[in-house]
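Paired with chain B in one complex and with chain C in the other, chain A is shared by the two complexes that follow.
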Partner chain A sequence: MGWQLVRGWTLLVYLFMFLPVAVVVLLSFNASQFGNFPMTGFSFRWFVELAGNDAILRAFRTSVILGALTAVISTTLGVLASLALVRYNVAGRNLISTFLIAPILVPEVVLAVALLLFLNALSINKSFLLLLMGHVIFTLPFVILVVQARLVGIRRDYEEAAISLGANPVQAFFQITLPLLAPAVFAGMLFAFTISFDDITGTLFWKPGGVETVPTQIFAMLRNSISPEINALGTVMILLTVGLPLLGMAVARRMAMQRGK
Partner chain B sequence: MSAVNLSNIVKRFGAVTAVHRMSMEIPDGSFVTLLGPSGCGKTTTLRMIAGLLDPSEGDITIRGKRVNDVPIHKRNLGLVFQNYALFPHKTVAENVAFGLKYRDVSRADMDKKVKSALDLVQLPQVGSRYPRELSGGQQQRIALARAIVIEPDVLLLDEPLSALDANLREDMRVELKRIQHQIGVTTVFVTHDQSEALAMSDRLVVMSNGRVEQVGTPEDVYNTPASEFVARFLGTSNILDARCTGLDQTTARLAVAGIGDVEVPREKTPHLDGEGAAKFVLRAEKLIVVAGDAPTDERVSLEGVVEAVDYQGQAARYFLRSGDVRFQAINMIDERPFGEGQTVSLRFRPRDCAALPEKTR
Partner chain C sequence: MGIEARQARQPWILLSPALTAVTLLLFVPLAFIVVYSFWLRTATGADQAGFYLDNWREALGDAFYRDILLSTLRIAAITTVVCALVGYPAAYFIARSRGNKAILLLLLMLPFWISYIIRTMSWINILGVSGALNWLLQTIGFVDEPVQMLYNETTVILGLVHFLLPFMILNVYVALEGIDVSLEDAACSLGSTRWQAFREVTLPLSLPGLAAGGLLCFVLSAGTYITPLVLGGPRDAMFANLVFEAVITQLNWPLGSALSLMLLAILGSLVLIYNHFLGMGQLMKGLG
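So, the complex of A and B:
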């Protein structure tokens, strides 16, 4: 009897979490003019309109470029920082580590305003570069956490064996450390991309006039009316942000299995 | 020419001195073992030769060339680790070929060398497999193949057998020695296992607390320990307080507590340099326990009682008391071991004993 109640309750929790998402997906296939129930028929009409909406396409392109650049820069910096923190005896290692992780702990709004004020004080204007910088700052901790955890698990013996055999430290890194680190690098990159792709708070503060990312574009569209196009866009976003990490995890697991670890 | 020469090496980690001033010469083609308990500085010394650590003071030369400032990847050394450290994402053949990629070796030569290295370690057919598909012993052989295929000036082995289980370890011990003989590479071996050290080495370097206690052949070190530490570390010994009362060309006369006067041949006391306080060393397997009523013979004889017996199959270890002195004896068992509480006679020959000065260093 007690277990039945627990089961029922669990079901309700899941419904509460996922029903809204399901509704968005469902309504995106609604043939009706209006984005709400009852559904009048099944149609891809809103997806077609979405594909014809210049503003959204532009926002989409911006988001993908921003996300990809964020992922690449954040991962590069994250791997380098992790290497320094784990493999070398850097003075003030703990302090540096804390500072690098800190952006996760600071509320995003505070971070957003702080960066804006800082650049204002230096009289630098808002730009795409600034936006990118912001995204790198708050995706970096995730990359560092993932990469560091894996790097700690890779014994130094491997690198020492490689250099004893004649590889210089750079060759040893690319031949041995990086391949062993690859699953974490890949995961970190995906994290960075999806976090950047999803972000709205920081982006609203940092984006220069006229530049919209997908989240800010949706936000702007919602202010006028709730168009069924937004449901279609929502569905695409869900596919991307849920599908990409799942795909990434699958690839990472396969890679890890091949590497025998 | 010595393959490796350490002169006045010191290694400090902050305020801690891991290796005190140490000099050592390793002859070309020899198998030298650094032996000692954990924390004695043996691995630190090996890592300094390898270039993984920089000495705080002193010079290291390899084949007459000072290598203090030569980075490890230019030293041409073969390094084998306790945990094999095979690259998990590369096949066995790729692992073995790794070092050849950084040397001037043609593709065809590379294959040939990899093949002959795998033959040498008696694993010719595993080239296409991944390290995780091999057993621990096989992985260690591959690690060895990878280290020797580059024809290193010196082969450095850091406790390579300690991750293997007991039977395999003894097989690998013989195997390793055979391979070393066959290719004649100068080898520095680090271990805390005395039986490995005694069985494999041409020369033993016993270390303790960052200092060299004794250097010598396994027999020298075992039979004539230079310090109480060495006597205690290798095998089981009875070490008794004594006074040297006379010393001449052939014998050293000792007054040993609980035993009386014993005359030990001079060649068993090379470290004794005068009269005075000394230590008398009697190996547990040189102290023979016989029945209490056995006829006397040319050996020194003591009355004793068995306090405890540790049965080991072919041998037994006896904990004995004679007067107020305790002894240990490890004897082969003839028929049946002596029992607890039995009155026995303890016999030993003075020429099987050794003596040390009271304080060494």
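So, the complex of A and C:
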């Protein structure tokens, strides 16, 4: 009896989490000009309009470039640091971990203000560079957490075996360690990309005038009112940010299975 | 150089890029705004370096800032309690369910991948004047005219709960997952009821997870900037909105520095208290 109650409650919680998002997707196919209830029919017209909207396409390009650069830089820093933390007995490891996690313990607004004002004092104004540095610093902790979790499972013996069989350390790294690391690197990049792609608070502080990312573009469009076009853009975003990680997980699983053979 | 010295240096070489980045892009900027908060923005718009307490006096003394700070903390506290009450049973169900645990967990991860702004604005489709709920109420004849349900403090809290609930559930789930189920069975076989066993065995053991989820919910909602702008009315500004106003709109950077540091001091001390009693381990488990 009690268990049924908990089950029913959980169902309601999941509905609460997903129903509003499902409505966004549903309404993006609404034929009506005003895009809300009652729906008047099924149509792809808002997606067609999206594809012709220059501001949105520009925002999309900015977000993708920013996310990709963030992913590469953040994952490089994160993988190196995680290797040190997992594979060596570093003095003060806990302190170092906390230090590297600090960017997510500081409220994003505070991080945004501090970075903006400091770099401004160094004559680095609001720019794409500032945006990139900001995105790197707050994705780094997530990358380190994810990559460390993956690294723990990779044993060092393989590398040592290769070296004892005559490989030099560089060969051992590129031929043994790196392929084993690939899933961790991949997971880190995907994570950094998604977080950067979704960020809005820091981005609003750092972005130069006239530059928009997809979230800040949606935010600017919301100033007028919600429109079917925003819902369509939301649907595209959901497809991307949910689809990419799912695809990533599938690829990672496949890579792991091939290694198992 | 001996092989041992080289071994000892290697991790530091690997760590140095990340450590440098965090130092230069977080800690030095934080130190910088501490200094900056004592400078003065003059009427001409130039900064006067020095040691002035004016910004701090304004940030700490002005009733306008104090009221908004208090209402921000109140909203964060309500959000945290609601997340705990709503999320705990769901986390318990996931931890104890057998067949569909994997799918429930996967679904729980999905909201993290859906943009915050989209999840926030989705409520406009539900509660707005031409939203789903109004349409439903009119269809069944409950109301004649659409009712404005949006743009108040309740909808801000609703949006925050919607955003933060997965964090809470995940943290509680991680804690519950670490508790041996047979402990509850043992309590029952010793004569306690299911409910007693839960209350006296499982609940206390899961408190670290509840605390980790609570900390995340509180800190993230107290620092929120977007939710009050999308789902709140003109009077529902929260503290981060003030910081944005000072820094971006008024360009009063010294004052903005003082306001940011105030927020950091309050939320940072919560993190330190948490760390003192429970350590960062639990929090990292939930985030990882």
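Convention: the second predicted complex is superposed on the first by the 249 of 261 C-alpha atoms of A that agree within 3 Å, B and C clash if a C-alpha of one lies under 4 Å from a C-alpha of the other, contacts with A are read in each partner's own complex, and residues count from 1 in each chain.
Basically, a residue touches a chain if its C-beta (ideal position, glycine included) is under 8 Å from a C-beta of that chain, and two chains touch if they have at least 3 such contacts.
Note that the structure is a prediction, hence the values are computed from the model and not measured.
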Could you say whether A:209 touches chain B, chain C, both of them, or neither, answering first, second, both or neither? neither
Using the superposition on chain A described above, determine whether A:242 touches chain B (first), chain C (second), both, or neither. second
For A:165, using the defined touch cut-off, is the partner it touches chain B, chain C, both, or neither? Pick first, second, both or neither. first
Is the number of chain A residues in contact higher for chain B or for chain C? C
With both complexes superposed on chain A, which partner does A:157 reach: first (chain B), second (chain C), both or neither? first
Go through the superposed model and pick first if A:179 touches only chain B, second if only chain C, both, or neither. first
Footprint overlap on chain A, comparing chain B with chain C: none
Quick check on the complex: what are the chain A residues that touch chain B? 155, 157-158, 160-169, 171-172, 175-176, 179-180, 258-261
Of all residues in chain A, those that touch chain C in their complex: 2, 6-7, 9-10, 13-14, 16-21, 23-24, 27, 34, 36-38, 76-78, 80-81, 83-85, 87-88, 90, 94, 96-111, 113-121, 133-134, 136-137, 140, 142, 144-146, 148-149, 194, 197-198, 200-201, 204-205, 214-215, 218-219, 222, 226, 230-231, 234, 237-238, 241-242, 245
Which part of chain C faces chain A closely enough to touch in the complex? 7, 10-12, 14-15, 17-19, 21-22, 25-30, 32-33, 36, 86-87, 89-90, 92-94, 104, 107, 110-111, 113-119, 121-126, 128, 130-132, 134-135, 162, 165-166, 169, 194-195, 219, 222-226, 229-230, 240, 243-244, 247-248, 253, 256-257, 260-261, 263-264, 267-268, 271, 280, 284, 287-288
Seen from chain B, its contact residues with chain A in the complex are 50, 52, 71-79, 81, 83, 85-89, 98-99, 101-103, 130-132, 143, 146-147, 150
